[in-house]
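One chain, subunit A, links the two complexes that follow: it is found with subunit B in the first and with subunit C in the second.
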Partner chain A sequence: FLVSDGLVQSCGHIIPESPVLALGSSFTALCILNESCLDFGNIYANQIIWKIKNRVVPKEQYHEVNRTVSSVTFNDTSSLANPLTCNVLADGQIEQNIYGITVTIGLPPEKPKNLSCIVHQLSKLTYPMTCTWNPGRHTFLDTHFRLKYRWPQENFPDCIPKDVNNSCTIADVQFFVNLEVWVEAANVLGRAESDPLVLDPIEIVKPLSPHNLSVNSGILPTVLKLSWENRISAAVMKLKFNIRYRIIGDTKWMQVPPEDTASPRTSFSVQGLRPYTEYVFSIRCMKEDGVGYWSDWSEEKTGVTTEDKPSKGPPIWRIIDASRSPASWTVHLMWKALEPFEANGVILRYEVTVRAKSSLSGLSEKYNVNTTSLTLNLPNGTYEVTVMAHNRVGTSPPSVLLIPASNSKAPVKNVRTLPKDGRLWVGWTAPNTYVLKYVIEWCLVSNSSDCIIEWQNEPGNIQGTYLKGDIKPFKCYLITVYPLYADGQGSGQSVKAYLQQDRPSKGPTVQTKKVGKAEAVLTWNHLTVDEQNGFIRSYTIFYKTVDGNETAVSVDPSKTEYTLSSLTSDTLYTVRMMAYTDEGGRSGPDFTFTTQKFGKGEIEAIVVPVCLAFLLIVLLGVLFCFNKRDLIKKHIWPIVPDPSKSNIAQWSPQVPAK
Partner chain B sequence: MAAADSSSATLRRCDLCSRGIRLAGKMRSDVVDLLDTYAEQQGLDASASVAAVEGVPVAAVEHWDEQTGTQRLLENLAAYRAFRALLAQMLEEQQEQLGEADAALSRALAAVLLQVSAFAYHLEELLRLESRGPPSEEGARPPQPPHLGLFERKLRGLGVLRELAQWAIRSARDLRQLAKPSLGSSSAPSLAESP
Partner chain C sequence: TGVVPFVALLLLQRRPVAGRALLVTGSGCPGHSLCRSNVQEQTRRQVALLNATAQDLFSLYLKCQGEPFSSETDKLCNPSGVFFPAFRVNRTSERKEVMVAMYKLFAFLNASLGNITRDQEELNPTAKELLDRLHNTTKTTRGLISNLTCLLCKNYNIFQVDVSYGESSKGKSAFKKKQQGCQVLRKYVQVIAQAARVLLPHLSP
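On to the complex of A and B.
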């Protein structure tokens, strides 16, 4: 560099200084040396070396324009990088930098596409319009977008997007005049315009949803009246509506037929609803001719229809307990509470009428209860029981149950069950006469609790049904089917059933009743129904000695005793029992016993002869001894002479003189 | 060719008429709202009677049903051009007088002015379809407003808006007359085209 007057002057400069180039285009830069620079050290244009970053640009791309100007050409900007420097080999072969530039490479904007606009109603008087478009490919440069719009005779200020490049919102638009809208994209390399959109903003409006929705119940229990306020004035646009509703707690919406709400209105009566049910309503609107967009659904509002009288009487059944005396029954009447869609309101009481059909007077007793059962003591006979449910509005149709004195009519046949899909199916063969309906009773059989009866009605024309209610697996149910006729009842036919069987939870505890030398009588108790978990199909007894193989014996499930035979005597045996259902078996605890060493009577057979023999020997011995008693006597106690009879005894002593 | 022209002209006419009617309806509704706001802001009684204001075209006309289509269009156009100037003046005075204090009123006035402008344009287009062409606006400079005091200016503004509301009703009826197929049109004699 030259130093003159304290200022540093560069030896040359490059033009263009800070170009912006389109990707893929060609580019030529010129390095122009100052005249004053040439005076120092023989610097000429042909000594100029161009460099990109620190790589030398090939000399083929250079062109010496004149003594002081060198140019470099790039056919494709993709080989360019920053910085591009103009350098020269000065005296002493030192490369010196003269000037450098930075190049910006980008693309001109693409034509914006897919321009679309929508007017969102913000308030009763404010209608901003939002337009969106596809801005096209990335340009690598600062590209500005403007949304332009005008009337044929009036121009409006451009809409400039904030923070985004693909949408813009105009604060307020006028209706009924065609608006021409288009997008202009511009950067240093060029500009592009989208195709214009010509529209009347009234055709792209998304109105605010109606508000202040209120729901009123009227006189009819199947009707609710909706009223609301529209937030768009009739001068701007006439509206059509969609009304949707659902029962509270339900997820499925029902819609009022759109044809019925296709015109301007501020109220509507929805019909065909269920009495005494809470409904949720919501409404939305759009331009009456269908041009534009639907508003959002309004806030939900609930209403309850008024009550109506119950539509059906409750189904009735009875349990008769004749155990106290056959002439007097304890009749336990029971009926099922009505479903909400049959009750149509709050059931306040049930009216039960019991009429004795067998008596000629036809006297009947009325009872009013607010539970679903009634227990009466009645003398044996035929009765007609009628139950009616009352709510605030009225009375249900009567439900009738005939209780005949005896279940003498034809019963069903061939009751069978089949578990299917987690439910228990019960089937039967209908009797030949016309059946009014069937009643199916079932209860859970268990040792630890009573068999509480559940029941259901079935129409008279079917021969099978699924049990409603919670049927648990691995539990035994007793199922009874009764046919009901117009003038009597058939006796109940029962069957036991399992929804799903399992292996027993315990095995039978086996013990010996009597153990012999080569046999043992085993005994056990049947498993309780709670332990069985299924129908016991068979028992198997396993027995073995300490070091022997296990032997298995099958036993009929009805038995509680079994005799093992051909056992070895005086051996320790271990025995256990397995009970099997269709799903498997379980073993009970082991029991050990030892077979007797001697059989029955064996001991006597040995001891008695031994004793007898002993006795005989003793007897013989005694006899022998008796015979030879003298000899024995002689040996055993020899005769000892009596000293008193001895000579010396007779010798009278003369005392020798002293 | 001619038939196509004629039918597209008819369609365009229909479109301009129907949108003009709706615009007139909206304009009236907006002006009525604006009247209330204006009266309140200016501290006037909305029902105050205002004598006929100089320079404001009067909507009432005798023998309305005897007018031809062209006459209707010309009268309407003259009226709305006048209103455009009057409202622009009012807007200027408004901004001078109240400054930034009442932006809502200014915005509402500006919106009505835009609609008046748009309606004038509709009328010009309809006149072009009549092969009449709208009269130029050159000579039609608004008469210099008489120098009025503040209160009188406020009353004048009220009168302008009231008359504009009346014009909106009249314009809607005029356009409905125009839209009827046979009546009221004194366009170029229909060409004998149907083969």
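On to the complex of A and C.
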């Protein structure tokens, strides 16, 4: 730099200054020295050193244009960085910077592609058009996009995107005039235009959905009438519709056949609905000829069909309690409430008719109840029970159950069960006679609660079904299958089953009944059904001494006693028992016992002979002593002379005579 | 916005003016690539749309002007008091004649609607629905003029049509402005119905 009168002047400059270059193109910069700079320090162009950042550009890229101008050429601008500086080695080989520039490298815009437009109806008279396109590669430069559009004789002001580069919205477009639309992209390196799109905006309309939808029921219980307002004038566009509906609470939509609503309208009667059912409706529209876009679905509206008489009678079953007396029954009649699609309204009452078939008069008793059961005391006999459900509109067809005096008809055979896919399936072999229907009864077997019967009807032409109740895993169910005929009933065939088994919740408690020297009789109680969690397939008894190996013995599940043998006498044993289902086993508590030192009768066998021997010895001794009593007497009881009879006694005058 | 090409002419005149519309210079039809075979159907739809909305527009206009226009419509809105281009064609007229008559009619209407819209923005600035409808009708007539230009140029090589625009309402009193608008719109309702009837056989596929 030159310093002159307090001002600092640059010794030279570079052209171009702040260029914008295309990536991959070539670039030449010139460093031009001022004449005054030459005078100052004998600085010439051949002394110039070009640098990119702080890296010296190879001299092969330099060219001395003349005494004051040096150029540098880059074949590929991708090697450029900022800043590019022109420097010189001044006196003393000190590098001095003359000038520097920054370069901007980028790409010209690519041709915008995939231009597409849609007209969204905002209100009855407002139709903005939004066009979107693919802007192409990133240019690394400030690139402007404009959406251009025109009529045949009129150009409109460009639409300039806000904050994005791939979409623009024209506030309002006119229908029925062909519009040419295209996108222009431009930056300092060039410009590009998309292919034009020629369209009539009426063909790309997404209308507002119909509104003010109302749903009204009429006379027919299977019909609901929909009415609505269209928000696009018929003079602008004729519409076609889709109507969808679902039962409230259901997720699955049904649709009115599109061909039925393919013409302009403001109402429609939907048929084929269920009586007394709440439906949700929604509607959408588009241009009648199918050109354009469907509107969004309208707001949902609900409506309820009117009631109709019940479509079928309730299924009936009975529980007969003959325990009081064989000649008199307590009959619990029960029937299932109709499903909503069968009840077709609110069931107000049930009419039950019981007719004794054995009665000659054919008289019957009628009962009106609003529950789903009825208990009667009836003499033993054959009865025909009819149940009809009543709602506000009418009466269901009758359901009939024949209660024969005895279940004498052929039963089913081979009742079996199969848990599958979370359901408990029951199968059977049908009898040879025609069966009207089957009744499947089941109840939960438990020690802590009564066996409350649940049941279901099945058609007579099947031989298997699954239990349609709340079947819990690890619980035992007693399932009974009854075939019902036109003129009687077969006896029930039962089976127990589990939906899913588990290992028992506890093991059997084993204890000894009797312990010997080398054997022990073990005894236990069967697990309760609540403890089993499955069918007990086997028991295993484990026993061991303190320092011995454990021995296992399998036991049949029907047993409650078992004798362990070959035990060591006078030894402490620990025994436990495991019960197994198909899913595993559970061990009960340990029990200890000690085998006896002596076996049964062993002590007697020793004591009795010893006692006998002792007795014999005593007898022999007594005999011996008796035989040798004199000798014994002589030695043991020697005779001691009587002094009164001694001679000395005779001659003593003081001794009285005897 | 619908009358940008024509407002400049109207501002300069105070009596019925004539002008040459179709600012076409040079040979060939401008934008001919956009002048496609569907332009006939488009024109028919535009006329049908204007016909369908004309009466509602007029009724709304009367309502927004208040009294005495609502109650003395017949007296105040007699169309004989204003200039309106003749539309003396019928279904049997030559198609070219019909197109030219249409062009003159809608060029006039486009200008008049621009006037009425300008006046109503001043006199009834809060009548949003009326202003929206006026804008919409004006835009439709503008589009219709574009299509008619296409048809005349492409089918009949007609590049110029003499158009009369009527008297401007600028400088008139508020009452006069309202009345002139009322008269034009009333006549418009009648003429557009006639145009729809006449146009149909000429523009049917």
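As a working rule, the second predicted complex is superposed on the first by the 457 of 658 C-alpha atoms of A that agree within 3 Å, B and C clash if a C-alpha of one lies under 4 Å from a C-alpha of the other, contacts with A are read in each partner's own complex, and residues count from 1 in each chain.
By our rule, contacts are C-beta pairs under 8 Å (C-beta built on N, C-alpha and C of every residue); 3 or more make two chains touch, one makes a residue touch a chain.
What you are looking at is a predicted structure, and each value in this text was computed from that prediction instead of being measured.
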| item | value |
| --- | --- |
| Fit or clash between subunit C and subunit B when superposed on subunit A | clash |
| First (subunit B), second (subunit C), both or neither touched by A:637 | neither |
| Contacts of A:180 with subunit B and subunit C, given as first, second, both or neither | second |
| First, second, both or neither for A:151, with subunit B first and subunit C second | both |
| Contacts of A:233 with subunit B and subunit C, given as first, second, both or neither | both |
| Which of subunit B and subunit C A:626 touches, first, second, both or neither | neither |
| Which superposed partner A:198 touches (first subunit B, second subunit C, both, neither) | second |
| Shared subunit A contacts, counted only where both subunit B and subunit C touch the same residue | 125, 151-154, 172, 174-177, 200, 202, 233, 235-236 |
| Residues on subunit B engaged by subunit A in the complex (per definition of touch) | 19-20, 22-23, 25-26, 28-30, 33, 107, 111, 114-115, 117-118, 121-122, 124-125 |
| Footprint of subunit B on subunit A - complex, ascending | 125, 151-154, 172, 174-177, 200, 202, 233, 235-236 |
| Contacting residues of subunit A [partner subunit C, same complex] | 125, 150-154, 172, 174-180, 198, 200, 202, 233-236 |
| Sites on subunit C touched by subunit A in the complex | 24, 29-36, 38-39, 42-43, 45-46, 48-49, 51-53, 132-133, 136, 139-140, 142-144, 146-147, 149-150 |
